[in-house]
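Two complexes come next, and they have one chain in common, chain A, joined by chain B in the first and chain C in the second.
Right after this comes the complex of A and B.
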């Protein structure tokens, strides 16, 4: 079977090369035959990669230890669902997942545009095929998942215990769907330059693809945060770890693009800048993979380090150089068509919002890579972690929060003084009011105050926008309010979907503020029957017991929790010692409500038999997760705008 | 209009940069032990921020900080002692001195430069003459027109094929 897997990947490599060749011939000669053949080759890569993936998954689930990858990442006592997810536990498997998603994007792209005869779409597919060559060659010649052991061991090494979590079943594929998907906007951008294509139609298509990838990447990042919250057991969910930062950077630049692309669509401006953002987003997603795989930086999220870092670095350099050269070569194509009427306009605010998004990305990039740079220059090791990012990124993010409220309300072209006053007076008042209400509850410090003001300001502007729109519809159609609201969103999905995304962003800001500023912490060694207090909760240790679960021995504390004297729940923080890894893993106990999370950790069992219980109250954490869901809903509404475009195209036809 | 706006933003950035170098975490203001441990990294392989670390090394360092505070030692003194023992690598953020000052200053300088460039670009665009008025008779076909024509052509081709 391993030979079939190797052959499938090698054929995928050949097909990728053939696809590029066929597209080049077809595009140069204008003949339809080679282009059709190139398209079929992309489909073939997808099929062959799927075959290779199925073969590897089969070996993982069957625990076929003749495969080195299977022996390294599974064991006989590993639950089957984790044997399946060990596909992305190691380097070779996750590269295969990368290629699978990449080729699926290639196939999906060809399916979406199967009726378009424009060779421009073949040029896009050619760029995708070029990237496929890189990944198929890595998997065929450098890092094959189908390597065989001369003497298979009786049992494997097992899966890293941190990855034995249900969240890990979906977090990596969703994150990768976002990461890898940025290939399509990148391919569109390069194809535009190669084909010397003008017009704004392609930019609308890129916007939809970017929205899709952006949504998946954002949701994947939040799932990773949720995983860290539950699995790492330090009371938080975002530690500004290099791998977390690596996923955040393309998301930030992608967000900047989703804003600036609106200016290009409406005013024919920022063409060069948009192409730069597209290229940067893709390069940063490859850089993220490089960080995770190279071992250049240590990370709690990095599970598969190897020596393939230089390959990725080389790919980034080559693709970045080609893209830069093309942008310079086609400078004339990217000239702005329009002029601006006023600085105080939506275009102006979007431009500043772009500066801030890119600045935030730059700060994150600098902080993430600076330890390597500093060591190279000074010779001494340093760390750049959460204390740095909290001080540098937070003020930039807060200015962005303010712009989230300001930008969408400003009109295109020109916003007059009276317009600004009419739109911002009430939101500013609501912001001040919210701040004053929060101060007696312990709101202190510049950043928290700005955050509360900004959040209330944004919510007020969004609510006012909806209210104005509903009123306008009622004036025309006079339906009941809920129907008017529905019609409003249906009529302009892009605009109101965007507002919903902004509400999700505000929810995340509120959640982060609540759980960081108002977090409470207590820890104590407890003997059975003893209690400790944290906030309104009383925690009484009932007993500690050792128990055997499928592939680990678990020390579990039974803690009775009451709130204001009323019995609330029994919580079981525990430590698990996995048979294979032989390292203690923290299993957090969580009691979540909309207002706050009670988060318990079993620090360990002391020599005197007492259990060290560490407790946190994390207020408003639920807002972070709910904010993510709201953002997804808003993005889906934005993407549903495609229906309108299709209708318009039909009418045009 | 644009000059005061940019000046305001630049002043805000200077304020943010100086606050960044001086700010203490909100949790730290309430709990002096946390003020120290939330700024340090556990020196073992776990790499966690010390305040939330549950490994043995982390717990022993947390105990050390609490004991030293009880002895009346200050934040700087305790941090210096720990850095002397484990090295600069345990600081969660490097000291703003020498080469490492760059990491503190560059993000704000870059943001300021970005704002200045954006302001200059805006100024140029606002001052640009409307090309539609400059030579309406010779106006080239707009991209929207080209897109419409392309869509029509594709639809017709589809019709022919079907």
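Right after this comes the complex of A and C.
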């Protein structure tokens, strides 16, 4: 069976090479035959990769320990559902998942444009096929998942207990769907340069693909944060760890692109900048894969060091150089059609939004790679961690929050003083009011105050925009009611979907503020019957017991929780000792409400029979997760908008 | 170049300047010097820098954990020298004798210990290729 897997990957490699060749021939000669053949080869890569994946998953589920990969990442006592997810527990499987999603994107792309015979789309597919060559050759020649052991062990090494979590079953595929998907915007960008393509149609197409990837990447990042919150057991969800930063960076640049692309569509400006952002987003997602896999930097997720680092660096260098050369070569194509009219305008505010997003990404990049960079430049190795990122990124993020309120309201070209006054007086007032309301609740410090002000300001501007929209429609049609609001969103999905995304962002800001500034912490060793207090909660230890679960022994504390004297819940913070790993694994107990989370950790059982309980109150964490869901809903609304494409189609016809 | 372009450039430069200042001051205030255990152990005078970051292994048999506080004491080694580390907090799950750890914190020269504010335990490489022998050729 392993031979079939190896063969499938090798054939996939040959097919990707053939596809590139066929596309090149077809594009140069203008013949339809080679182009059709190239498209079929991309489909073939997708099918072959799927076959290889199915073979590997079959081996994982069957615990066929003749496979090195299976022996490394599974064991006989591993629940079957985690045998599935051990596909991406190691490097070879992760690369296979990368290729699977990449080829699925290639196939999806061809399916979407199957009726278009424009060779431009073949050029896009050619770029995708080039990237396929890289991944198929890695999987065939450098890091094969189908290596066979000379002497198969009776049982495997088992799966890292940290990865034995339902969240870990969906987080990596969703994150990868975002990461890998940036290949399509990148391919569009390169194809535009190669084919010297004019017109704006492709911009709208790229925008839709980017929205899709951006949504998955953002959602994947939040799922990862949620996983860290529940599984890593330190009371937080974001630690500016290299692996986390790696996923955040392409998201930040992608966000910048989604904003500046609107200016290109509307005013024909910033063309070079947009191509640069597309290229950067893709390179950063490759760089992210490199960071998590190369072992260059230490991380809590700390995957083992490996030998594929140079390959990724090489790929980034080559693709980056080609993209830069093409951008320089096609300077004339990227000439701006308009000039910026005023600083205080939609374009102006979007430009600053872009500068700030890229600055956030740059600071994050610098901080993440600082040990390597400082050693190269000054010879002494300096590292920065969470305090650096908080210090640099928080103020930038707060300015961006303010721009979230200002930008979308400003008019295009030029906003007058009277306009600014009319639109921002009420929101500013609401912001001040919200700040004053929060001060008695312990709101102190510049950043928290700016955050509360900004959040209220943005919400007020969004509400006013909706109100204005409904009002404008009311004059012509039916009276205002909830249906009118729905109708409004339906009529201009892009605009109002965007506002909904912004509301989600505000919720995340509020959640982060609450859980970082107002977190409370307490620790105590408790004998059965004893209690401890944290905030309004009283925690009483009832008993501690040991129990056997499928592949681990679990020590479980029973804690009775009451809030202001009222019985609330029984919580069970635990520690599991996994038989295979011989390593304890903290299992957090969580009681979530919209206002706050009570987060309990069992530190361990002491010699005198007492149990060490660590407790946190994390206010408003729920807003972070809920904000993520709101952002997804808003993005889906934005994507449902097909108006512009149709209009452009009519123009073409 | 018209006035608007000039203004835009000025504002952009100002923004970039602010970000640059944030980064450089951030590095100065929070940067941690990488050191080997040996380098730190051989210091004769109290160091000027604030923070240090050390990579090394937990010396076998040196772990003293007071779970009730909770406070963790251990010796960290790079194979040549060893140095004491104190960490106030729960012991990470993967922490054990011989594990590779990364600590960050301030070095107190008088008692020759590193007071760690951050302790990261690298996952044991057990989950990757260990003890499985060679591939079938």
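We take it that the second predicted complex is superposed on the first by the 627 of 653 C-alpha atoms of A that agree within 3 Å, B and C clash if a C-alpha of one lies under 4 Å from a C-alpha of the other, contacts with A are read in each partner's own complex, and residues count from 1 in each chain.
Basically, a residue touches a chain if its C-beta (ideal position, glycine included) is under 8 Å from a C-beta of that chain, and two chains touch if they have at least 3 such contacts.
Just so it is clear, the structure is predicted and the values come from calculations on it, not from any experiment.
Peer 1: Which term applies to chain B and chain C once both are placed on chain A by superposition, clash or fit?
Peer 2: Taken together on chain A, chain C would clash with chain B, as the superposition shows.
Peer 1: State whether A:495 touches chain B only (first), chain C only (second), both chains, or neither.
Peer 2: neither
Peer 1: With the two complexes superposed on chain A, say which partner A:159 touches: chain B (first), chain C (second), both, or neither.
Peer 2: second
Peer 1: Tell me the contact category for A:40 with respect to chain B and chain C: first, second, both or neither.
Peer 2: A:40: touches no partner chain.
Peer 1: Please indicate which partner A:266 is in contact with in the superposed arrangement: first for chain B, second for chain C, both, or neither.
Peer 2: After superposing on A, A:266 lies clear of both chain B and chain C.
Peer 1: Now for A:117: first (chain B), second (chain C), both, or neither, which partner does it touch?
Peer 2: After superposition on chain A, A:117 lies in contact with chain B alone.
Peer 1: Considering only the touch criterion stated at the top, classify A:610 as touching first (chain B), second (chain C), both, or neither.
Peer 2: The answer is second: A:610 touches chain C but not chain B.
Peer 1: Once the shared chain is lined up, is A:149 touching chain B (first), chain C (second), both, or neither of them?
Peer 2: second
Peer 1: With both complexes superposed on chain A, which partner does A:601 reach: first (chain B), second (chain C), both or neither?
Peer 2: After superposing on A, A:601 lies in contact with both chain B and chain C.
Peer 1: When the two structures are overlaid on chain A, which partner does A:356 contact: first (chain B), second (chain C), both, or neither?
Peer 2: In the superposed model, A:356 contacts both chain B and chain C.
Peer 1: In the superposed view, which residues of chain A touch chain B and also chain C?
Peer 2: 233, 298-300, 339-343, 348, 351-352, 355-356, 359, 362-363, 366, 370, 380-388, 391-392, 395-396, 586, 601, 603-604, 612, 614
Peer 1: Which residues, counting only chain A, touch chain C once they are in their complex?
Peer 2: Per the touch definition, chain A meets chain C at residues 68, 71-73, 89-90, 147-151, 153, 157-160, 162, 233, 298-304, 339-343, 348, 351-352, 355-356, 359, 362-363, 366, 370-371, 375, 380-388, 391-392, 395-396, 523, 525, 581, 583-586, 601, 603-604, 606, 610, 612, 614.
Peer 1: Spell out the residues on chain A that touch chain B in their complex, using ranges where they run on.
Peer 2: It comes out as residues 115-118, 198-201, 232-236, 239, 241, 268-269, 298-300, 336-337, 339-344, 348, 351-352, 354-356, 358-359, 362-363, 366-367, 370, 374, 377-378, 380-388, 390-393, 395-396, 399, 444-448, 516-517, 519, 521, 586, 601, 603-604, 612, 614, 649, 652-653.
Peer 1: What residues of chain B sit close enough to touch chain A in their complex?
Peer 2: Of all residues in chain B, those touching chain A are 1-2, 5, 9, 12, 16, 19-21, 23, 25-27, 29, 31, 34, 38-39, 41, 45-49, 52-54, 59, 87-94, 98-100, 102-104, 106-108, 110-111, 114-115, 117-118, 121-123, 125-126, 128-131, 142-144, 146-148, 150-152, 154-155, 157-158.
Peer 1: Mind pulling up the chain C residues that touch chain A in the complex?
Peer 2: Interface residues on chain C, with respect to chain A: 2, 4-5, 7-8, 11-12, 15-16, 19, 22-23, 25-27, 29-34, 53, 55, 67-70, 90-91, 93-94, 96, 102, 104, 118, 120, 122-137.
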